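Notes for the one structure printed next.
Labels A, B, C, D and E are assigned to the chains in the order they are written; within every chain, residues are numbered from 1.
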Amino acid sequence: HAEVFAAAASLQPVMEKISQEFEREKGIRMDAVFAASGQLAKQIEMGAPYDLFLSADEKWARYLEKKGKLEKVRPVAECPLVLWWESAEDPSLDLVKDKRIRVAIADPEVAPYGALAKEYLEKIGEYENLNNEERLIIAGDVLKAGLAAKSGGAGAAYIPLSIAKKLEGSWTKVPMPPQRLFGGIVKDRDALAALVFYDYLLSPPAAELFREAGFEPVQD
Amino acid sequence: MNALLDAHINELIGDFHLDVSLRLGREIGVLFGPSGSGKSITLRCLAGLRNVRFGLIALSGRVLLDSDAGICEPPHRRKMGLLFQNLALFPHLTALENVLFGCESTGKRRAKSIAREWLARVRLESLENRYPSQLSGGQRQRVALARALANEPEMLMLDEPFSALDGPLRRNLRRELRKLHTETGVPILYVTHQVEDICALGDKVFFIEKGKLTGSNRISDLIRGRGRVDLWKMMGWGNVFQGDVRFCNEGFPSFHWASGDLALKDVSGPGPAIAFVRPDRVRFLDPRMPVDSELSRNTFSGKVEEVLLDGGVLRLHVRTPRGHWQIEQRETGSHSEVFRQGDEVHFAIPPGAIELIFLEEMKGEENLGSSIVEVRA
Amino acid sequence: MNALLDAHINELIGDFHLDVSLRLGREIGVLFGPSGSGKSITLRCLAGLRNVRFGLIALSGRVLLDSDAGICEPPHRRKMGLLFQNLALFPHLTALENVLFGCESTGKRRAKSIAREWLARVRLESLENRYPSQLSGGQRQRVALARALANEPEMLMLDEPFSALDGPLRRNLRRELRKLHTETGVPILYVTHQVEDICALGDKVFFIEKGKLTGSNRISDLIRGRGRVDLWKMMGWGNVFQGDVRFCNEGFPSFHWASGDLALKDVSGPGPAIAFVRPDRVRFLDPRMPVDSELSRNTFSGKVEEVLLDGGVLRLHVRTPRGHWQIEQRETGSHSEVFRQGDEVHFAIPPGAIELIFLEEMKGEENLGSSIVEVRA
Amino acid sequence: MERALIISLKVLAIDIPLLALLGGGIGWLLARRDFRGRELASLLVQLPIILPPSVLGLYLLFALGQINFFREAGFLFAFPAAVLGALLPSLPIMIQASRAAFAGVDRELEEAALTLGRRPWEVFLRVTLPLARRTLLVGLALSSARALGDFGVTLMVAGNIPGRTQTLPLYIYGQVESLNFARAHMAALLLVGVGIASLCLVHRLESGAHERLA
Amino acid sequence: MERALIISLKVLAIDIPLLALLGGGIGWLLARRDFRGRELASLLVQLPIILPPSVLGLYLLFALGQINFFREAGFLFAFPAAVLGALLPSLPIMIQASRAAFAGVDRELEEAALTLGRRPWEVFLRVTLPLARRTLLVGLALSSARALGDFGVTLMVAGNIPGRTQTLPLYIYGQVESLNFARAHMAALLLVGVGIASLCLVHRLESGAHERLA
């Protein structure tokens, strides 16, 4: 079997491209497993045969690190929060004040972008209003928040740029710090290819693919 | 008397063809016929549980079915009670609740007393809280009977209501049924295999065979011996042969049929006829004694196939080369022999005991086909 | 003859207590009793379908049940065939497959021909591919019968096998059953309510009432009139009263019972007794004529409750202030009157027609209780 | 947790009758009515159980989003959507159970009730229903357990809005994701408790039903 | 997609017999045997349907992870786990259906078969089973549809490893996550196709079953 990297589901399109590119360049095949970061983390904790872990947020990477299952934990890329809707023109950030519009965010308890959106909405003093007027839609994760808006269930959604790019429509960046995705090597698996792949994520070809998908590579 | 029930049914079930016409007044009619002849299906058609191809059913002036006019009342509006051959007791209800189910419309309290009364009439008063699964076969049958009777329909149909019951119980229930009939006057149609039931309960009997009505008769006529004798045969009693009467070269009359011939006495004329011999007119012969000259041509020898003792009457079924004969004897007489199955017996038929019905005389006692037309008018 | 079946059963079902002992050789035994008396449950216990509290069952030397020794053979190893009262036909199998189910062990081809033969014997050859739901009540019963018979068990138990069948068919099937019994010699125990079946088929009859065996008798003895006359009563025939014989002040003997008394003739002595009067010994009186002095104390008046015509015999049930009487008359005689339900009739009992059984004489004809012990040895 | 419990209970309170009526009704139609396309219908109603909840939820989301009425009425991502989300994947279980239940009722008993003069709906209520009860209740128990536990469809069409659409399973999910395992276990226990309570209820109803005769 | 289909079919091929045997067997026990704790057992076997699949999966994961044997044998995150993940949430459906099916078989017919000299297992095969078949098959259809569509439990205990544990529902999930709706629809269609094919199969078996008499 090839070595396996496990990545947050929202990274699926970009990570598939990067691993293809990696295989083409280095001749090493990596298998990919996508699921929610939390699920992956718990599977790794229970000994899942994954060699590399890419979490959508810092929390789950640190969780595994603390359990002694993950090493070399570091941020890999970052992605800004945007306000997205279906129409052709970019949405105004004041859209949320419109009483007719329902907005979707990811679950702040679960998804870092949900928490980020909540933080933003609180900062501009709209969170309570939205909630009281039942205009706030809390979807499971960022993808579901996007789908809520795309299906018409919500007027707009706060989602990461990476999702927005794929949903088409148009978006406006939200003035909040971007959210970082973290990676790490699973301990005690002697996975050489995974180490190579982990480094490859920081290489220029990978950075290009990240950018295309709406991420910004992080170097520190 | 004007018929309360007037029914004509023509229906096909698989390859079984049912074509039956019935008229019944404020009477008890018996549907009598061999197993598989279509009795149960007839009742189902009358009750409306089966869609009939062609048919006309009227009860007390109400047209329940007229396939030409497209009228077909659903079963629950026909007011025809039916006791099913396999009972159809509600397994989730107790005996009392089963009976109550049929008579609730009269108000809770009253209904309960009616239901209790009926359970008592069928001798089940102490078992009212039992579920059907906790009752014996005959007890179940009685619950079903009580349920049908308590319902007070405008017509009652009973499919072998007493088949699982013993003699004394049967007698009691027949009495209850008669009483109900006298009180309410609803027509009752019931299916039975027991000749006993016909006589004890019925006013009129319908004979049915292979889906066709083969005859109908008032029972009082049967009892007075005025019915068509071949009906006796249908009821399983008597010796009946179909053949013809001839005058031989010496001028003596005789009856010829498929498996033999019999000498006759004083006959009106030759022609196709039915010969009927009452089993009790058959005379046993002692093989060691000379035979009376009158009987000489009419002697038989055969093997006893079955010996039945019915109260004081000994009934034998004897197979001979000239057919199968029923013989009856009082078993009281001191000279009465004891017969056993397989014994060889000798007997004779006195010519005077042979009743003849010439076939021309046999024009339908009751014109059944035409009765249908009246209802339409 | 050594008993093939020797059974003693003691069981409690709800509040119904069954306590029955049966012995049967290579014979046909009849279990006779009113509805709810425990016949079906007895068969279930014998077949092993019910765990018996206390009991001992042995068949041809095999001990099938011995509750003391903790032996209890499961039903499928008892080799006791049972025809269920409600048939228990397999609804997912055709008539032929149902019969085959019981006789497959003899090889496919042969089994099929046996099954076909049995279906033909019960007159169902043309319906072998029908499912039970497509058969009439009597046809189903015959399939069940064929299934039980084709199985060739070591003992056969039939629970009212003919209840849904007409007379001629019954006769045929009784013959088949007899034939099977002669060929194989397996003991057969069958339950019936029909007196007719008892006489025609049985070698021995067991009377059962309220869960208890109340008597047993050879049927040939019954037919020869040698049985206990009160057994006639159990079979629903005859007039039986329990009372006692007294000598009045004039020295004339008479029989006293709950609802009246009768003058007697030539009696051995006083004491508790059973009086039995054959229905055909009852004499009708013409109310306009003076009564024979011998009869004067024994005259009755009553209302006709039921008129039955059974072949050539007219049977009346008459309710009088002195009990309920059965009367039989040949209906041939020219002087025979026509009776109807509700008529007032007058009749007398000739003292010579009263048979007496003194109760001391009545010590069990067959000692049932002791038979159990032998098997244990 | 209490709010999630209450919402779950509210969803159940609406879904159980709906399951009984809709599932029972459709099952009855499939068992007792002969109409064209019956077999097709019987296959279609089973689709929701084949599709994984999240996929089912996705289709449902887009289907409802297309329909203006639901859009305007604010049906999606609100309590009604939670009700629907739990209902849909559990309905097939109820439909199949009730189909089997009704098919198993002896017609002759219904006919007997008709000849006793009872109207068809009375016959249904007093004969058919009691005789089918056992299997119906088993179906209701299973399907309402499924409804209680639904996660994927609800999350997709109703979201996970605390106090409005967050049912117990969604709450558990949230707690697990935020690493609050203790609370997640508690909630799971609660969920199982509610489930068992409702099963017990059904069981008590069921045990009243009497065995059928042959 | 083909790989996912094949894995799904392999899972079904193992789970359907398991469902029939285990589900049928437990259902039979619950219907026909009177043992202590029967009611408790009957409640416990229904738990997997109450718990949302992801929660169930989580507990299962932790439970199996604790047991050394499973850990060593590489049971988790491999094909056997996918089999188990699909089996567990669908088993209760089969158990309940078979319980109802066996409870509905008239005992007297079994008794009749016994008195005809058939051994108990023959009676079971030739009387009980055919008479229970209808309801059993409905249960099998429902539960295998559920197994086919399982997502949550499988994802948790078997992972989502393409070519090893990625079943069709997991594949669809992945496609939806990467917003490849076209492929997701295709896969969903395929899934529904497989589901309907197996339902049709069951239906054909079922229609052979004859209605019972009263």
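One rule holds in what follows: contacts are C-beta pairs under 8 Å (C-beta built on N, C-alpha and C of every residue); 3 or more make two chains touch, one makes a residue touch a chain.
The shown structure was predicted, so the numbers you read here are calculated from the model rather than taken from an experiment.
Each step here moves to a touching chain, and the least such steps from chain A to chain C number 2. Looking at chain A and chain E, the chains that touch each of them are D. In the contact between chain B and chain C, the residue numbers used by both copies make up over half of all numbers at that interface.
Computed from the mean C-alpha positions, the centre of chain C lies at a distance of 55 Å from the centre of chain E. Chain D and chain E have CA centres that are 19 Å apart. One inter-chain figure worth recording: chain B and chain C are separated by 23 Å, centre to centre, where each centre is the mean of the chain's CA atoms. In chain B, the residues touching two or more other chains are 86, 88.
Listed for chain A are no residues, as none touches two or more other chains. Residue positions 54, 58, 106, 108-109, 173, 176, 211-212, 214 of chain E each touch two or more of the other chains.
Only residues 106, 108-109, 111-120, 123, 126-127, 130-131, 209-213 of chain D touch chain B when the two sit together in their complex. Contacts from chain A toward chain D in the complex involve residues 36, 38, 59, 63, 102, 104, 107, 109-110, 134, 136-140, 144, 147-148, 151-154. Of all residues in chain E, only 54, 58, 61-62, 64-65, 71, 74, 76-77, 155-156, 159-164, 173-174, 176-180 touch chain A in the complex they form. Residue ranges of chain E in contact with chain D, taken from their complex: 39, 42-43, 46-47, 49-55, 58-59, 92-93, 96-97, 99-101, 103-104, 106-109, 134-135, 138-139, 141-142, 145-146, 148-152, 169, 172-173, 176, 184, 188, 191-192, 195-196, 199-200, 203, 211-212, 214. Residue ranges on chain C touching chain E, taken from their complex, read 47-49, 74-76, 78-82, 84, 86, 88-92, 101-102, 105, 131-133, 147, 151, 153.
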